[in-house]
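A, B, C and D label the chains in the order they appear, each numbered from 1.
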Amino acid sequence: MKLMEYQGKELFKKAGIPVPNSAHAATAADVAAFIRANPGSWVLKSQVFVGGRGKAGGIKFADTAEAATPIAETLLRLVIKNNQAPEGEAVRSILVEEKLDIASEAYLAIMLDRATKRPVFIVSAQGGMDIEEVSEKHPEAIVKYAVDPAVGFQPFIARDLAFAANLPTGYHKAFPKIAQALYELFFSYGANLVEINPLVLTKDGRVFASDAKVELDDNGLFKHPELAAWKNDSPGNDDEAAAVAIGLGMSNYAKLDGDIGVIANGAGLGMGTMDAIRNAHGVAANFLDIGGGAQAALVKKSYALVVSNPKVKALFINIFGGITRGDQVALGIVEALKGDDLRKVPLVVRLTGTNEKEGRAILAEAGMHPVETMDEGAARAVAFAKSSGT
Amino acid sequence: MSIYLDKQSKVIVQGITGREGAFHTARMLAYGTNIVGGVTPGKGGTTAESGKPVFNTVREAVQATGATHSIIFVPPPFAADALYEAHAAGIKLAVCITEGIPAHDMLKVVATTPGMRIIGPNCPGLITPGESLVGIMPGHVFTPGSVGVISRSGTLTYEIVDMLSRAGLGQSTCVGIGGDPIIGTTFVDCLRAFSQDEKTKAIVLCGEIGGSDEEDAAAFIGEHLRNTPVVAFIGGRSAPAGKRLGHAGAIISGNTGTPESKVKAFQAVHVPVADKPSDIAALLKQRLELVGAR
Amino acid sequence: MKLMEYQGKELFKKAGIPVPNSAHAATAADVAAFIRANPGSWVLKSQVFVGGRGKAGGIKFADTAEAATPIAETLLRLVIKNNQAPEGEAVRSILVEEKLDIASEAYLAIMLDRATKRPVFIVSAQGGMDIEEVSEKHPEAIVKYAVDPAVGFQPFIARDLAFAANLPTGYHKAFPKIAQALYELFFSYGANLVEINPLVLTKDGRVFASDAKVELDDNGLFKHPELAAWKNDSPGNDDEAAAVAIGLGMSNYAKLDGDIGVIANGAGLGMGTMDAIRNAHGVAANFLDIGGGAQAALVKKSYALVVSNPKVKALFINIFGGITRGDQVALGIVEALKGDDLRKVPLVVRLTGTNEKEGRAILAEAGMHPVETMDEGAARAVAFAKSSGT
Amino acid sequence: MSIYLDKQSKVIVQGITGREGAFHTARMLAYGTNIVGGVTPGKGGTTAESGKPVFNTVREAVQATGATHSIIFVPPPFAADALYEAHAAGIKLAVCITEGIPAHDMLKVVATTPGMRIIGPNCPGLITPGESLVGIMPGHVFTPGSVGVISRSGTLTYEIVDMLSRAGLGQSTCVGIGGDPIIGTTFVDCLRAFSQDEKTKAIVLCGEIGGSDEEDAAAFIGEHLRNTPVVAFIGGRSAPAGKRLGHAGAIISGNTGTPESKVKAFQAVHVPVADKPSDIAALLKQRLELVGAR
């Protein structure tokens, strides 16, 4: 689950990480009212999940309520795009934040590192919008420390990072406390990533987290029921909600751009099935992994979810059973096709592995004859979709 | 020979009386796995459906049976505890089938259970064909032979192994290492074990987009397995960037973990990367002939 | 620092460990008033640090305020003795506690184990007053588990202990939570020992910590300023307070029964000096370790503390300097002997090690001539004490 | 030869610019210890009183000097952090002089710093006479020779070594293991090291009341050092039961840790226990003659 800046900063505040004064506003009127009540220089920051909002014009300044109103209206109509999100993301709300008198911008993050199997601190004295460029062109300006989870955070880690990254001395007093608080937040919320970019040193010597990027591990969310409300704001939520609604894991369904529906067991086979469709010159309409050990009812619901996408012209159900049993899958398919409540599309089934014989018998009784291989199934599904016209 | 598992390995099942535990215990026993008992707290002293003795704790089970291997069918909130219990009881290899374990739980488990090899979590387990199956794989697609198989995916592995078997390429040991961000046993761990296994003459490596495990594997192959025929496959190459497809590992971010970076890494060490699973067997045969011709 | 039962139970309550209803009373009137306001069957438990209060008659029952008054008066006059405390300890106050309808008594403790360098859980189904006898005669009835500090508490540990100790099934639901809470208390307060004996199972199926023994590591107390008030109640406090008052560690001074004062640097040498005095057929009047690196002022204050004990007839200052410097010790001695504000007793000095030459020069100037060895010094001090008459 | 330390060992001082750190750095340098630098955060790039370079972090110090040994003069609340830092920087042996470290801090440090030997805390350090001193011991009482000395006490060790030296019994290495409840290196660790050291021909072991380290040491001697002359001494035998005299270790509780139990354990493996420090040298000479006569 990704958090928006204002949500991340709420966690930061609780953890004792200094953040600038701010107010979260959903309308231009709210923005203006807040600035009227709190005279000063303010930054209006578009709240979106995609990166690059600064370069896309999503961050503006205002000194008065009057100046702020049209700016806020413009921001709230903005759709922010970048390479990773070409379709763009509409700005949802605005964080009105104290304008800082910046002396220096540093970078501080902790992420879960697969390779070392440890939480890794990443620090640079050259924070700000161009951190990725710094990373590419001056990798030596970025320092890292992989924390032993058995040891946890220790003060020396912060000292080591601050000295190795050559943080300006103005940071030295505040940095260890911020690094420790950030680690505790990372640890207690089971985060994949916590990032402060920039970590600002002001001209009067204060240090603030001027941005907040927090990504939590979905598998650990059950330990934090208090965050459930934010879950609804999280991107990809429509697909996740649909998956969860029928009893799948939240990342087991994703709608895509093509016209061939996919149901597979296991994420690997699901992706493999999409690859096979691409190899057969088709495009998948979705990714759907029924998980391990799915029962008939779940197979039926998965069918319903896939065909609820009107783009779907053909469906390829590709099962290689391990923990999943062929008979349960076959029963689910037969159930799904009964009656008229679910849309029918040309269907290709491939069914092998655990309880394959029982499953095939059930399908045969219903007049269905599975294909033998994934490649064969993909080719036939693509042919069905093409023959159904555009 | 084989890696990690053979006919003699004594195996217990943590969660033996649960729905999945009981079902797969029966299948593993049918395959010939030397299952010596299982654990369900509160049911100690009873006998499981499979006829195997049930113990209250792993320690009791190990003391009574001498088990060295364990397979864990326990829900995500309790899986880390099950792994700690296995380690404390002296288990040497634990296969964790459970999907959905918090990554931070695994972070700590992996860092604090020295001496115990963990396969997974969120994996199909491992099999030494014809000898022992400790996992949820469909045993009948595997055949004994000399190809080592390592895979981040579960079901895709069955696909690949099925085709290897049909092409007459039997397997020494197949390890499903799991697709989670933090796993106990990596490609490199398995490659190292295969490199010391006399029976394994060739290796198939089934990776995925995301992470850098495949790049690390390529580096190891370049250094230690130059003379072993290896064929790789990268799943999820048609996945759109930024979308999350099931495995948390399959996130593409920045330039790391892209299919291109992985393909490049393998090609640099002369490991062909199959375009689709059905090409793997043929590519491996070519490589084997090449070695044979030398 | 040792806690009394009522203090330990306050920590238990905070940690979520179930304890019986109770009130802590300093006078018989308070006891009676509480029972009058809360009719029922109550136990009156003498609050002392020494063990064995049950066998010594320190625990009584009362069903009415009238019955309780004389009992409480008697208890508050009681001095409880045991083998470890032959001089006895006066009862300070009374814990009035709900009388439990006991079905079973178990034992649960965690202690810091030097040998394994780990916290060790100790559990027995045979708790109660005779746990030490159980430990001697039926060691198999006591089960242990050494927790890996890198891993910490995990639920399996409680399951393992409960099954291995054959705890009655009535305990099984409550036990893991209590074990976990006790471990967290042990860990977060830096305890040397936390003990529940007995852990009672009542006939209606509830589980309670019926007693509480908590001993905290003095070195870790700086992390818990909120416990400072209890420190004053702790046994040995007079000696500890005297030591701390002059700037020594709280366990660096202990008054003993003999007549030969001892000042040494290092606990080992301090104990060695006492041994040497015993070998010379004398008895030490105190143990005093000036610690490592003592300055002259501290040496003078230590002298003052030792001679403030009127029993002291001779003083042996035994220094073998490492981190402690001979010149500073010599300066302190010279300072102490100046003027009339401090009592003078026959003094034997032994001074060797770091800056020995400088120290001897300072002493020589003041007309003092150190002995060469510890044995020689001990013999001379014993001779001085004996010749000074009884 | 010697154990843990020799003339070549490169040593850094954590807390080199503090009062104690600076004082003992000068004394160690005077003894001949190969001190290559020190650490004080914020003073990196300067030069200490002793003329040695100061670094901001242990990592910098190790990178610049190749140090393998560290001695720590840091107040109790920060000592655990200093030990973690030494470990993370690759230090192989750390001597922790600090007195008053919370036992729970040490519990965790000891459990999570594999590969680094910790001497102490609350100890006088170690010395290989004539070669190197990493500690706060008065160097002049030590003489090179072949007696290994291990002691839980600091100052009492100086006493004992002084008498050994006067009796012509030089020392190979002397280790003050410290008197705290949780220490990094135990009697048994040192005995094992001495048992593999060719130069060490005899051992003096200076224990204390409390704990079971002496009993463990006796068991090790019985198994692995039957042919080495060993003499023991137990300090604090006149301490009243239940009283706490300085070292938390010196608590007598129940029947464990009593002087009687320790004396009995040593006598069972034919290790004489000296009544007083001044008897040790004579007892050791007797033992050496006995071995010589065989």
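We take it that a residue touches a chain if its C-beta (ideal position, glycine included) is under 8 Å from a C-beta of that chain, and two chains touch if they have at least 3 such contacts.
As the structure is a prediction and not an experimental result, all values here were calculated from the model.
Undergrad: So which one's got more C-beta contacts, A-D or C-D?
TA: Answer by contact count: C-D.
Undergrad: Based on the averaged CA atom positions, which chain is farthest from chain D?
TA: Farthest from chain D by mean C-alpha position: A.
Undergrad: Provide the C-alpha centroid distance between chain A and chain C, rounded to the nearest whole angstrom.
TA: Averaging C-alpha atoms per chain gives centres 55 Å apart.
Undergrad: Just give me the whole-number Å value for how far the CA centre of chain C lies from that of chain D.
TA: It comes to 27 Å between the two C-alpha centres.
Undergrad: As a quick test, compute the distance in whole Å between the mean CA positions of chain B and chain D.
TA: Chain centres of chain B and chain D, defined by C-alpha means, are spaced 47 Å apart.
Undergrad: For chain A, what residues touch not just one other chain but two or more?
TA: 148, 150-151
Undergrad: Mind pulling the chain B residues that touch 2 or more other chains?
TA: 108, 111-112
Undergrad: Going by the contact rule set out above, which residues of chain B touch chain A in the complex?
TA: Residue positions touching the partner: 20, 24, 27, 76-77, 97, 99-105, 107-108, 110-112, 124, 135-138, 141, 151-159, 162, 179, 181-182, 206, 208-209, 211-213, 216, 235-250, 254, 275-278.
Undergrad: Which of the residues in chain A end up touching chain B in this complex?
TA: Listed in rising order, the residues are 84-85, 112, 114-115, 117-119, 132, 148-150, 187, 190, 192, 217-220, 222-223, 236, 249, 251-252, 254, 256-257, 264-272, 274-279, 284, 287, 289, 291-293, 320-324, 352-354, 356, 373-375.
Undergrad: Help me check something: in the complex, which residues belonging to chain A touch chain D?
TA: It comes out as residues 148, 150-151, 154-157, 159-160, 163-164, 172.
Undergrad: Could you list, by residue number, the parts of chain D that touch chain A in their complex?
TA: Per the touch definition, chain D meets chain A at residues 41-42, 44, 56-60, 78, 80-82, 84-85, 88, 108, 111-112.
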